[in-house]
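Chains here go by letter, A, B and C, matching the order in which they are written, and residues are numbered from 1 within each.
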Amino acid sequence: MTDTSRVRVERTTRASQVGLLAGLGVVVALAAVPRLGDSGVMRAIIEFITLLVLAQMWNLLAGYAGLVSIGQQAFVGLGGYALIVLADDLGLNPFVAVPLAGLVATMFALATATLVFRFSGGYFAVGTWAVAEVYRLLVANTTALGRGTGRTLKAVFPLARETRELGTYALAVGLGAAAIIAVYLALRSRLGLGLMAVRDSEPASRSLGVDVFRTKLVVYLVAAFGTGTTGALIYLNLLRISPDAAFSINWTAYTIFIVVIGGLGTLEGPIVGTAVFFLLREALSDYGSWYMILLGALAIGAMLRFPQGLWGLVAERWDIRVFPVQRRVRTDVSGGRR
Amino acid sequence: MSLLAVHALSAFYGDFQALFDVSLEVAEGETVAVIGANGAGKTTFLRALAGALAVPRATVVFDGQPVGGQAAHRLVDLGIVMVPEGRRIFPSLSVQENLLVGAYRRRPGPWSLDRIYLMFPVLAERRGQPGTNLSGGEQQMLAIGRGLMANPRLLLVDEISLGLAPIVVQSLYQALAGVRDEGTTVLVVEQDVSRVLTMAQRVYCFRKGAVALHDVPARLTHERLAAAYFGTA
Amino acid sequence: MIWLDTLVQGILLGGLYALFATGLSLIFGVMRLVNLAHGDFSILAAFLAVALVQALGVNPLVALLLVVPVMGALGYGLQRVVLNRLLGRGILPAVLVTFGLSIVIQNGLLETFSADSRRLNPGGIETASLALGGGLAVGWFSLLTFVTALVLLAGLQLLIGRTALGRAFRAASDDGATAALMGIDNGRLYALAMALSLAIVAIAGIALGIRTTFTFASGPDRLLFAFEAVIIGGLGSLWGTLVGGVILGVAQTTGARLSPGWGVLTGHLVFLAVLLLRPSGLFAPSRRVD
């Protein structure tokens, strides 16, 4: 019998230590970008971060909590419109309004959950889509929100362009870092353990005392907050919002592609997926709808052939975990007798 | 020649080995019993025979053909039919429909709805009701009848006495005797040892996934059985 | 009078929705699969009809006779080659793959047929109306669609309730593993179900295309309406799907009569109300389906 006093539960891996250093390096690099004064690069980074956060949130829902939602665009739209209302109509500082818009989205998520949580599986997915459509139509029929034509964010007009760009950029970097750290910490916590148990087996986790319903609800709300805040940020950047764009299914389509190609159920996956997404977009920018066809075909192929995604392949092959969310059991073999 | 010949069958659930080199033979027309404690591998063995488990082709030979690992629905075509553990009656189908679905492959043979109703009159009385409305014993009759509707050459019967009153089990085994008299080959898995000793021509006892004892009932003393069943030295 | 007319229009529209919903309900019942590309397949069928009409100069109703078997074969192949491999892996792969299919079909249609809106013209029948007396008139084609829905539903009910194949569908839906023990080839069975589903939704798509204009992006709304009809009527009940379609249709026509932009939205709101008040639907059988 192995001497159990020599058994340790570990989380850090060599890759994670390297990853931590790399992460710090990335943050430093991102902080330096504004000095270069290239607003094109800043906008690209903002876009990268917004897609990454959307992907992380969807990954949290589907990859960890088993909630396959195709209605997250509801919260992108709600967050965006909440920003307009908070900043233009209620006079709040637009930068402060971004996270507040996320809170508004979360409130709607609570209401949404009372409906869609009555479904499970594939019908849950369609249900979330149906609700997103309802939000879109309601907004498109509301005169105060600009109906089908939408609205423009006017609260930023008094600001100098550089100030607005810098503020948006800083907010984006902050959001990106906060999202990754938050998801990482959540997964390491009890909630995270419960989540992964629920993902693997709902009945089993129930029998162990995990409150499945509450766990799923918390995750749904957290994801809505992240998605809504990102939606607000997107429209702080774009300045112009309309219902068809803000509530478009494309937000979900891009997110799903990113997560599936990158690796579902891992923290590193969405990062890889977003990078691939941007590369493909650059490469295929002249080909219009062929781009979407390829995206769809790749996602289908990934689900059929390598469901663990690109990162999953790498992680399995070389046993790398940059974000150590799992606990590993290590035994010290030196000196012990079996 | 034997109808069913199993050669050194080993089976795994992932990394876990459930069967170790099991060899077994059943001649045409015979009734053979497989007994053993819970977890001894009896159901796993039947599942391997019925196509629910992946095993090497040559380990299971039926009527001279290697059929190991073939899909369940193909084996029914060959005449290997299982009456599964737990009855598994279809709730969306009536009693009669449950019987009819047993004849899905339309194999020719002596069994028909009328003959099943003759054997189990209570099924005729309840023919229009949902299959799961029946009592446990009646459901077991329905499950056996459903299996017979496929006109099997080899009928695999998995634990029919579970949860049923002795008098009900008695009538079930009487029915099985009728099946045997028809010439159908029967392989019965049972926990109730005394039952099978009266109706089987040969008995295999499983323990921990391997054959611990194989003999005719006449030569199975209480001591030999207990030793094989429980592993007492 | 206007309201009676609205009601009748809504009921007939419900027939069309029932056609859309039937295929969805069938495959969910048999193999617990939700096909997110369901609506897009109906639009694909409509575009195929457009192509055939252009190439051969035939009436759309004749094109329908060619398109329906093609779509059926497509469904059979799709299930056998792609979707059967996803069963038993939880809902995520099936949702994602069918969602991916939806994106591919829509964009494929956009590339092939451009973003122009289309309409199928069967030569007059779609505008002809039947006077019912009292000033009330219904379109011939709407009536034809409704009757088609009734006939198909009755046929499907017969198939499922009285034939060996129908018994196999129900058995596989109850317990796939035991169905295999009966000699039922589940893979082939699911493919047949999908073939039926796409064949029926092809009819629905062409009927839609005759009735109104459509574009490459019209698919997702069809899926939503089909889904809503199924939920309102109750899972597991074919006739419930018809009633669900009718309720949805009436809600939409009523809402549109109140205010032009509110038709679809009213339908959605009625759907949500049913979901809140009677989540199992109005006609769900006592057996729980999930």
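The rule is short, and it goes like this: contacts are C-beta pairs under 8 Å (C-beta built on N, C-alpha and C of every residue); 3 or more make two chains touch, one makes a residue touch a chain.
Everything numeric here is computed off the predicted structure, so don't read it as measured data.
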item	value
Number of hops, subunit A to subunit B, where each hop joins two touching chains	2
Most centrally placed chain, judged by C-alpha centres	C
Chain pair with more C-beta contacts, B-C versus A-C	A-C
Reference subunit C; chain at largest CA-centroid distance	B
Centroid spacing, where centroids are CA-atom means, of subunit A and subunit B in whole angstrom	53
Chain centre separation (subunit A, subunit C; CA means) in Å	33
Between subunit C and subunit B, distance of the C-alpha-averaged centres to the nearest whole Å	44
Residues of subunit C engaged with two or more neighbouring chains	none
Footprint of subunit C on subunit A - complex, ascending	62, 66, 68, 70, 114-115, 118, 120-123, 125-127, 129-131, 133-134, 137-138, 140-141, 249, 253, 256, 260, 264, 288-290, 292-293, 295-297, 299-300, 303-304, 307
Footprint of subunit A on subunit C - complex, ascending	28, 32-34, 36, 82, 85-86, 89-97, 99-104, 106-108, 110-111, 220, 223-224, 227-228, 231, 261-262, 264-265, 268-269, 271-272, 275-276, 279, 290
Residue ranges of subunit C in contact with subunit B within the complex	164, 167-168, 170-171, 173-175, 177-186, 287
Touch list for subunit B against partner subunit C, complex	50-52, 71-73, 76-77, 81-82, 84, 88, 90-93, 97, 100-102, 104-105, 146, 150
